[in-house]
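Listed below are the structures to be examined.
The two complexes that follow have chain A in common; it is paired with chain B in the first and with chain C in the second.
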Partner chain A sequence: MSNIKLATSLFSFAYEWNSGKYSLEDVIAETRKRDLGTGLEIIGFQSLRGFPYISYETEKEVKNLLDKYEFEPVALDANIDVGIKRHAKMSIDETVEYIKPQILAAQKLGFPILRCQTTAPAEVYEKLVPFAEKANVIMGIELHTPYSVDHPSVIKMAEMFGQMQTHVLGFIPDMGTCMRAIPDALLTSFKTSGVTDEMIAITKEIWHKDMPTTAKFGELAQTLIPMGATPPQIGRLNMAFSMNGRQPIEAWAEIMPYVVHIHGKFYGFDENGDEPSIDYPTIFKVFNEGGYNGYISSEYEGSAFTDEFDAFDQVEKQHQLFKRIVNDL
Partner chain B sequence: MYEKYMIVPELAKKTEKGFEIGARLPYYRGVSLSMVEEIEVTLDGETLPQSDVSILINGKTYNLEQRENELDDRWEMGEVATLAIAKSGELPAGEHKLGLKINLRIGYMPFPSIRIAERNIIIN
Partner chain C sequence: MGPLDKYILKDDALEATENGFQLKFQTHWYRALPLSCMDFNLKIDGKEIDKNDLKIKANGNEYRYDELLELDKEWLFVLDRGILEVEQPIEKGKTYDIEFKYDLYIPYILVGPQANPLLASSVVHKNLICQ
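Up next is the complex of A and B:
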């Protein structure tokens, strides 16, 4: 028995959308047609013109589409562009002001959760609590690799959550934080930038080591530069570390009470319909046993590396896998 | 694979000052123009100075310096921008090999987001 609910993030269809062949309605209609869950997650800066400022027309359009295709609004994704200025990082107060209109956008469109990012430190979210409480929007801070539960920023954030005693702070664990292998789609894409099999083997070996991600960047560069790897090639290979975390799945139990949503990141499937790089049966087991009863959103990441597959087909396969797992729980 | 849609060949044409092409942002969402760190155009193997590339978007034209400082106006995902490239000398009409590199400065990523596209296009 599981109370975990299924959703789809429109992040999954970024590539289809970028082709110019789909409107927002086309994407949502296809998501419904394929029965990809009861909840919907959208990215403000992807799907909404003029975001974070929401016009009356946009508000009406989004609400009509959710209604027409029977989706529950689950999460609206904010982006916290602290590097927006070329030579200076945003200050704490500037970051607070950058997030405020995005909170109001979630409120206006009826999304209970605004996906936030670890780009902003705990202090920013602490300052935003009264504003978010007034808007009644939960700031769900995404734990994207390298921000696993033992990361100093995450520990600090969880401590702050404990002190604030508010319902508007929570975490959104991204399943790319707790992977069991580097995805094939990513490895294959490295080869198009001239990366050799030997360089890939070294990358895999370093990935499996128990050391911080930044140390892995250093070791990779040190090992590969003498082998003739170029900076762009090393840049691509660094993605293997920054995109694929190795946190044990069981460690999510440490922050379970704060989990408000989950990102079901995935890259592809084997012939049995399983995700070779992410252990979803164990993930569902851990969250289910932790009493989590919110949504998990499909987030297909493969489009960044290959156009071999249709993203709708891929999300459909993930939902088949999820349904199979839920049935077995 | 956002490289696939980066260059919009139908919009390529010669201009008084050089030539122009259409371009889409190689990313999953829109960004402020200031976050477009680099736009590098290569024509028939020659890399053209980035200071000679202007971007026309949302009805406005931004040269390199203006683009770097524009925090509010955005290049939305899927939106086709026109890149106007100043180039002196005779540009023969017909097929050319065009390269386009776009580097985005995403504040929270540990490395630059660089995408490179290349294709043969007709510039008349």
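Up next is the complex of A and C:
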């Protein structure tokens, strides 16, 4: 028995969306038609023109679509763009002010959670607590690789959560943080930049080692340069380390009481419909045993590396897998 | 750099204007970014355009290249196109070899010891018929 609910993040359809062939209604209608869960997650800067400022028309449109296609608004994704000026980072107070309109956007559109990012330190979110409490919007800090539960920033964040005693702070674990393998589809996509099978094999071997990501970058360069790998090729292979985390799934138990939402990142499926790089049966087991009863959103990463598959088909496959797992729990 | 690159320059991207030409471009990231996070390099028939000769337009507003870094409030939505304008006459109906390097500095992904925005760079090289 599981109380975990299924949602879809419109991030999954980036390739289709950027083509300009779909309206927001088209994307949401297709998500409903394919039965991709009861919840919906939207990235403000992806789906809404003028974000974070929400016009009356946009508010009406989004609410009408959620209503018409029977989706519960689960999370609105903010971006914490501290490097927006490129040559100078935002100060703590500037970052606080940058996030406020995004909190108000979530409030206006009726999303209970605003996905936030680790590019802002704990201090920023601590300062935002009264504002978020007033808006009644939960700031869900996404734990995206390399921000695993033992990362110093995450430990600090969790300590602050404990001190603040508020319902508006939480974590959104991203399942790309706890992978069991580098996705083959990702590695194959690197071949377009001339990466060889041997280089891929070495990358896989280093990825499995228990050492910090920075040390992996070093070892990869040291091994591949004598083999004739170019800097762009090494840069592509570094992505395998920066996109795919190796935190043990069981470690999520340490922050379980703070989990408000989950990102169901995925790359592809084998012939049995399983995700070879992410162990979803164990993930569901760990969160279920931890008493988690919120949503998990499908996040298809395909638009970053391949246009071989239709994203709606891919999300549908993930939901079939999730339903199978939930039935077996 | 990835599958979204195919949307950067559409077939109608190159257009003659009264004083020269313009190139209409769409982002290769999944979300809107402001002009401050962008940089451009444009070659036409193998000849690089001096960046100081580029005018950048977005949402009906026009800027000089040296203003780019300050434009953190001029957003380019993912489905809208920005425009580079150059005062160099070209011929309508003629095909030109366009090489467009479109750099995005991702403001929420900080990398390296200095924690700088991640550079996502894409190059599109194609022949375009001037509209």
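Note that in this section the second predicted complex is superposed on the first by the 329 of 329 C-alpha atoms of A that agree within 3 Å, B and C clash if a C-alpha of one lies under 4 Å from a C-alpha of the other, contacts with A are read in each partner's own complex, and residues count from 1 in each chain.
By our rule, a residue touches a chain if its C-beta (ideal position, glycine included) is under 8 Å from a C-beta of that chain, and two chains touch if they have at least 3 such contacts.
Everything numeric here is computed off the predicted structure, so don't read it as measured data.
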Practice prompt. Put chain B and chain C onto chain A via the superposition and say whether they clash or fit.
Written response: clash
Item to complete: With the two complexes superposed on chain A, say which partner A:17 touches: chain B (first), chain C (second), both, or neither.
Response: both
Worksheet item: A:307 contacts which: chain B (first), chain C (second), both, neither?
Response: both
Practice prompt. Give one of first, second, both or neither to describe whether A:233 is in contact with chain B, with chain C, with both, or with none.
Written response: neither
Worksheet item: With the two structures laid over each other on chain A, which partner does A:119 touch: chain B (first), chain C (second), both, or neither?
Response: both
Discussion item. Just checking: does A:282 make contact with chain B only, chain C only, both, or neither of them? Give me first, second, both or neither.
Written reply: neither
Worksheet item: Looking at the overlay, does A:83 come into contact with chain B only (first), chain C only (second), both, or neither?
Response: both
Item to complete: Could you look at A:2 and tell me whether it touches chain B, chain C, both or neither (first, second, both, neither)?
Response: neither
Worksheet item: Which holds for A:217: it touches chain B only (first), chain C only (second), both, or neither?
Response: first
Worksheet, complete the sentence: chain B and chain C footprints on chain A meet at residues 11, 14-15, 17-20, 43, 45-46, 49, 79-86, 89, 117, 119, 242, 303-307
Discussion item. Looking at the complex, which residues from chain B come into contact with chain A?
Written reply: 1-2, 4-5, 24, 28-32, 34-35, 37, 68-69, 71, 74, 76-78, 80, 105-112, 114
Worksheet item: In their shared complex, at which residues does chain C touch chain A?
Response: 2-4, 6-7, 26-27, 30-34, 36-37, 69-70, 72, 75, 77-80, 105-111, 115-117
Worksheet item: Where on chain A is chain B touching in the complex?
Response: 11, 14-15, 17-20, 43, 45-46, 49, 79-86, 89-90, 117-119, 213-214, 217, 232, 235, 238-239, 242, 303-307
Discussion item. Touching residues of chain A toward chain C in the complex: what are they?
Written reply: 11, 14-15, 17-20, 43, 45-46, 49-51, 79-87, 89, 117, 119, 242, 302-307
